[in-house]
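There are two complexes below, and they share subunit A, which is joined by subunit B in the first and by subunit C in the second.
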Partner chain A sequence: MIPGVQQALMNTFQYMLFYLIFSIPLTLSYRTTKVINFAHANFITYGAYVAIFLHGLLGLDIMSVAVVLAFIVTGAIAVLNNTLVFTPLQKRGSSPAIIMISSMGLWITYKYLLYMITDVARYYTAKNFVSYGRITYSDVPRGSIVGISFSQALVASLVAASLLVALLYLFLEKTKIGRAMRAVADNPSLAEISGISRPFVVNLTWFICGGIVGVGGVIWTSFSGAITPEVGDSAILQVFTVGFIGGLVSLLRTGIGAVLISTIENVGIAILNTYFGIPVSFRPFLTFVTLITTLIVFPPLGAGGGLPYRFLRRGSRK
Partner chain B sequence: MVFNVKSIALLVIALIIGLAIGYGIASIVGGGMVTTVTVTPEKKTYYIGFTLPLSGELSSIGKVWEKVVQLAIEDLNREVQAYGFNVEFRAVILDDGTTEEKALQNVQSLVQQGIKVIIGPAASAQVKVVKSYVDSNKIVLISPSSTAPTLAIPGDYVFRTVGSDAGQAKALATLAYQEGARKVIVFFRNDEYGNAFADFLVSYFREMGGVAIKLSYQTGLPDYASEVATLASKVQSEGADAVILISFDTDGANILSHAAESEILSSVRWFVSEGPHGAGELLSPAIGQFASKVRLFGTRPLFIANPLYEGFRDRMKQKFGMEPGVFSENLYDAIKLAGWAILRAGTYDGEAIRAALIEVAKTYYGPSGWTFFDNAGDKALQDYGVWAIVPRAPEGYQFKDVGLYERGSIVFLEEAYS
Partner chain C sequence: MIGFDIVGFMISWLTLFGIYAILALTLNLESGTAGITNFGKVVFYGVGAYVSATLTAYLILILNGVDVSETPPYGIRGIILLGELGNKNPLLNIGLLVLSLVIAFAVSGVLGYLLTYPILRVGPAFVGFTLLSSGELLRIFLQHYEPVGASKGLMAIPTPFGWIADSRLREVTYLGLVLGLLAVTYVVTHRLVNSPLGRTLRALRDDEIAALCLGKHVPRIKATILFIGSGVAGMAGVLLTYYLTSVNPNMFVPAVTFNVWAMIILGGFGNLKGSLLGASVITFVDRVLTFVTPQLGIAAISPDYLRWVIVGLLIVVVLLVNPRGLLPEKPIRTPAVDVILEEFRGESK
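== the complex of A and B ==
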């Protein structure tokens, strides 16, 4: 038995929930829009900073308010990115690689924009927003059941992830617009011929995906001990790994990726450290070994299904 | 439709550019990095280059340092003019994002602008990367915060206005041992600073007769929850009685906030390096309660009984409404030293400034104390204090210096935790 196994398992569960909330929208947005979006990192950060500014500037510690506002803000950013950058580029016939690079540009722009905003906020409040401590919310319960303690982050992310999975399933399977979204993902041209407005569906997808990640960002503020304007940047590699395991196509496999990566990062490293003396600092290394292994051993999950070139060939835009 | 999208795009881009310009103007008008003094034609202007961590891992402290630069340059200009020099110093500040590559890029582009004196970068890992470049180009580099003992190299162009961690490692080891710790887990950043500090710490602690086990963590992660979980299992499996944490501010705050939720880690003693000192996140109720529960003590470089430091702190609070964070006083003195060294050299040339800097530092005394350099170009006379996190009067918590390291042992000046 590994010592502290309970904590490792709790962390696994916690990270799995975060990875679900962050990665499922990545997969969903990619398969509908065909954009590998690095500005995804900003959705996490901006979501977290909506909560931080509400807390730091207005003294508001109600997570439900932060969640709603963050959904709107990050969803709007996602739609704005699409309208101003991705769609015009696509119309000019830019390759997926160019669009991916433009998303990197957006990523960096938003990062420094946030640094500017934190500077202005600091000027007026004399508070440090560049590194912000954990927020304790007044409307999220916490406690312990049969000796296992549930933090606010765990409660909130459990609720959010369950709602996400349930609502997404209902939305995609049972509603007309959800089916339209899947149709656009499967075959954009055919979908358009059958009367589905592709631009509308794409914008809606961006809004939903951006919004969900923003909500995850808010929950992150109740979990992490120090939130910085680069929190999304450092999380994005894991989020992409999880997404790639699902080939950026399959939502179910993205879910499996979330379980896999969170287990390896928490239980895996604990076992390696205890029995083989591998330093804890190897944790990020494990993540990427998993990614590469997945890509090589199960090509249909990773490289086969997900990379843009394959889609370009299979897609019927020409 | 296309026209619409284009015009909206133009509008948004214009808005962002406007925001950036407004931000720039605001920081200049509201006291930005450049002091606006009307320059009479014959006045000579000297530029001092800075590579500071305004973004990235150390941005929390970098933002404070930006203000320290402003204060020091203002003071320096006033002082040299009072002495009758018709010169003006100006700061050229570049952001290095706390990364090694950008620090090197910054140093190179400052040098291309003809700048011979550069202050920064902050982290030892960054100093290590720029060192060979400044040495071969004869550029005087003064880091206010790099402390890795591995960079104490005689005869080079790198100066440090803070003592090397060989001294602090001894103070921290003594603190832990004197407080009764016999088997410690040393939990440290896997970088130049953390590795060198941990090596010295472990060897001192073993010399004293204790057992020290090293456990490193990768830096730059979004969160350290699973690292802390592994630390907890290590503490349990080894039966350790204390943790010694060697970290910067943001990662330190993150680790402590997760440790506060762990029963195992709340039942052993905690000792911390200077990195997290001054970080606001450590003053949250959760960490404050944790600190008094585990009787958390840290060490930090300071200069005992220095009235100039008090004055400096008051001015920072008054002028910018912020507490000077860790190494702010060392940065302030680095700037003053650079200015006086340039004047003493009489020529804006790296080799001459280097020689002058060593002489100026012999007689200069500032908020960080007497700046005299040892033969490796590090601050020779460095005291170490002991800090704690204690409750503040109406509510909340504050950092407090409660003891000193003196002649091989820790002397407590007051009771930190009742």
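== the complex of A and C ==
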């Protein structure tokens, strides 16, 4: 067996879990609210920094506390974005492109606001928050079973991803409010006519989606060796590509996308690094190639519009 | 109060304004007029900057008989040599400027043209995202590519007017070059917007399907516009390189793109004069922050971060309060329409 294969497979599995936690909320939020939220990266970053500030300022190393707090903080940010920016814009009938641009503005604002907060925190505590080391949590088990070592990040993300998939399934299929959420996703006006409060459902969706991504951010702090205010941005290409593979509509296809992207990235870069000496940090290029291929071969026509020129031209050339 | 160099401030503001206004004009052509959500302006800007930096640094060394495989321009000896040899031959410096502008236009333009292929079939979100992520990839590539100096970048790049001894005169000459190119860009974009092509672009932006049904070749028009816009953005990158005399990968973060977006949103979508206004306001705030904050003695918060927060908030607030911007879009001025109207009136009399 080639050395490094096990490492590559473990990485694939680990990243797959992260991409699941990060991308499923993206698809879910787009389905229900029809807003393509580029500020999605901020949820990851802010989730991670809730854990970092708890650890760095209060000395707390209990992940369950950080998870609950991060869920509330990032969920609240998502609801705030919606009430202050997205809903007013949608009410005025702005085009999806305008709403997307406003989410870009939010993204930049939150990102550099966090930089400013870390600067102030460093000024008063003399600790470096801009590049923070890995946090070891006291309440997450780790160890090795049958020769496979389970790091804290793997245990936590495994638990979180399974809970996410199971609870989301139960929530969307079995509860009344979950069915209301699906109804709003499929046909907002019909849902409203049948007595569903659309603003409430949309806000709830934002809260849940923001919260889940924030939890993923907390788990990221036990995985990455250096956490900067750019963590969310460095994952955004993969997260959105996974979402685009699912067409931003299908949760199942988003899951398949997570498996696909993590495999292509980790196995691909392991091969390229071993045989061609390409640096590991070039892994986003593989994702980008996948993204471009997806856009050319299976243009996602369902979400975000777009014209099927391919089909049109084939008909007109006869 | 510490003495304040008002002329220096004006020159640095106007130079920065010129560079950013070129970017804003082309972005307005692409996004405000044609409706292409270009979140990757920084790619073409960065490519232009790197093309000129690499070209100038290597050619100056090679033409002076230095072996670049032994003393590359990113090494310490290379930087010293560049400083010594850079400003000896005015003709060479100006020739390099012209060559850089041409090659940067070609490389950036072709890159923009190629990037339209995968995004023709999909909606604005995918277009924006693909271009945005290509910016990040460019940065990763530059950080690891040794011949352009990897993460340190290239330094001590000879400027086209380095042979002028007086520094103030040199800055003013360069400012003249930047404003001259801005004027050319303005005339070209103005003519494009007020041409039949400009009307087609607005049709594309407002209803792509209708434009397609009227027989407009939507993919080709989009590709053409992105070719022109990206090429001119590459030329703005050249101007930035010679202004700062150094390039490094961290200058080309996605926030730069949104700086330009904030300018066209503030000024008004589809209004070229608005872009100039937006660019002047935002670069002015930027310069003031850079000049003033060190004098106030605020150590905790870097003016860089404050600037980006202002830019982000500006995008959101303008879209919420007055989405048409300070100068709303006006109907297009076309000579043909005037002629037809005149004929129509003449007949009705």
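Quick note on the criterion: the second predicted complex is superposed on the first by the 285 of 318 C-alpha atoms of A that agree within 3 Å, B and C clash if a C-alpha of one lies under 4 Å from a C-alpha of the other, contacts with A are read in each partner's own complex, and residues count from 1 in each chain.
Heads up, the rule we're going with is that contacts are C-beta pairs under 8 Å (C-beta built on N, C-alpha and C of every residue); 3 or more make two chains touch, one makes a residue touch a chain.
Just so you know, these numbers come straight off a predicted model, no measurement behind them.
Asker: Looking at the overlay, what does A:Pro88 touch: subunit B (first), subunit C (second), both, or neither?
Answerer: Both partners.
Asker: Mind working out whether A:Pro96 is in touch with subunit B, subunit C, both or neither, as first, second, both or neither?
Answerer: So A:Pro96 only meets subunit C here.
Asker: Who does A:Leu113 touch here: subunit B (first), subunit C (second), both, or neither?
Answerer: Touch partners of A:Leu113: subunit B and subunit C.
Asker: First (subunit B), second (subunit C), both or neither: which does A:Pro284 touch?
Answerer: Both partners.
Asker: Given the touch rule stated above, what does A:Ser189 touch, subunit B (first), subunit C (second), both, or neither?
Answerer: Neither subunit B nor subunit C is touched by A:Ser189.
Asker: Quick one: classify A:Thr175 as touching subunit B (first), subunit C (second), both or neither.
Answerer: It touches nothing on subunit B or subunit C.
Asker: Now for A:Gly133: first (subunit B), second (subunit C), both, or neither, which partner does it touch?
Answerer: In the superposed model, A:Gly133 contacts subunit B only, not subunit C.
Asker: Once the shared chain is lined up, is A:Met104 touching subunit B (first), subunit C (second), both, or neither of them?
Answerer: second
Asker: Output check: A:Leu295 vs subunit B and subunit C. Expected answer is one of first, second, both, neither. What do you get?
Answerer: second
Asker: Could you pull out which residues of subunit A sit against subunit B in one structure and against subunit C in the other?
Answerer: 85, 88, 109, 111-113, 115-116, 119-120, 123, 279, 281-282, 284
Asker: List the residues on subunit B that touch subunit A in their complex, please.
Answerer: Touch list, subunit B to subunit A: 2, 5-6, 8-9, 12, 16, 19-20, 23, 26-27, 30, 54-57, 59-60, 63, 190, 215-218, 220-227, 229-234, 236-237, 249-251, 253-258, 261-262, 264, 279-281, 284, 286-287, 320-322.
Asker: Spell out the part of subunit A that touches subunit B in their complex, as residue ranges.
Answerer: 2-5, 7-8, 11, 14-15, 80, 83-85, 87-88, 91, 109, 111-113, 115-116, 119-120, 122-123, 126-128, 130-134, 136, 149, 151, 223-226, 228-232, 234-235, 265-266, 269-270, 273-274, 279-284
Asker: In their shared complex, at which residues does subunit A touch subunit C?
Answerer: Checking each residue of subunit A against subunit C gives 36, 38, 85, 88-89, 92, 94, 96-98, 100-102, 104-113, 115-116, 119-120, 123, 233, 236-237, 240, 244, 279, 281-282, 284-285, 288, 291-292, 295-296, 299-301, 303-310, 312.
Asker: Where on subunit C is subunit A touching in the complex?
Answerer: Checking each residue of subunit C against subunit A gives 35, 37, 39, 117-126, 128-130, 132-134, 136-137, 140-141, 143-144, 208-209, 212, 218-219, 254-255, 258, 261-262, 265, 299-302, 305-306, 308-309, 311-316, 319-320, 323.
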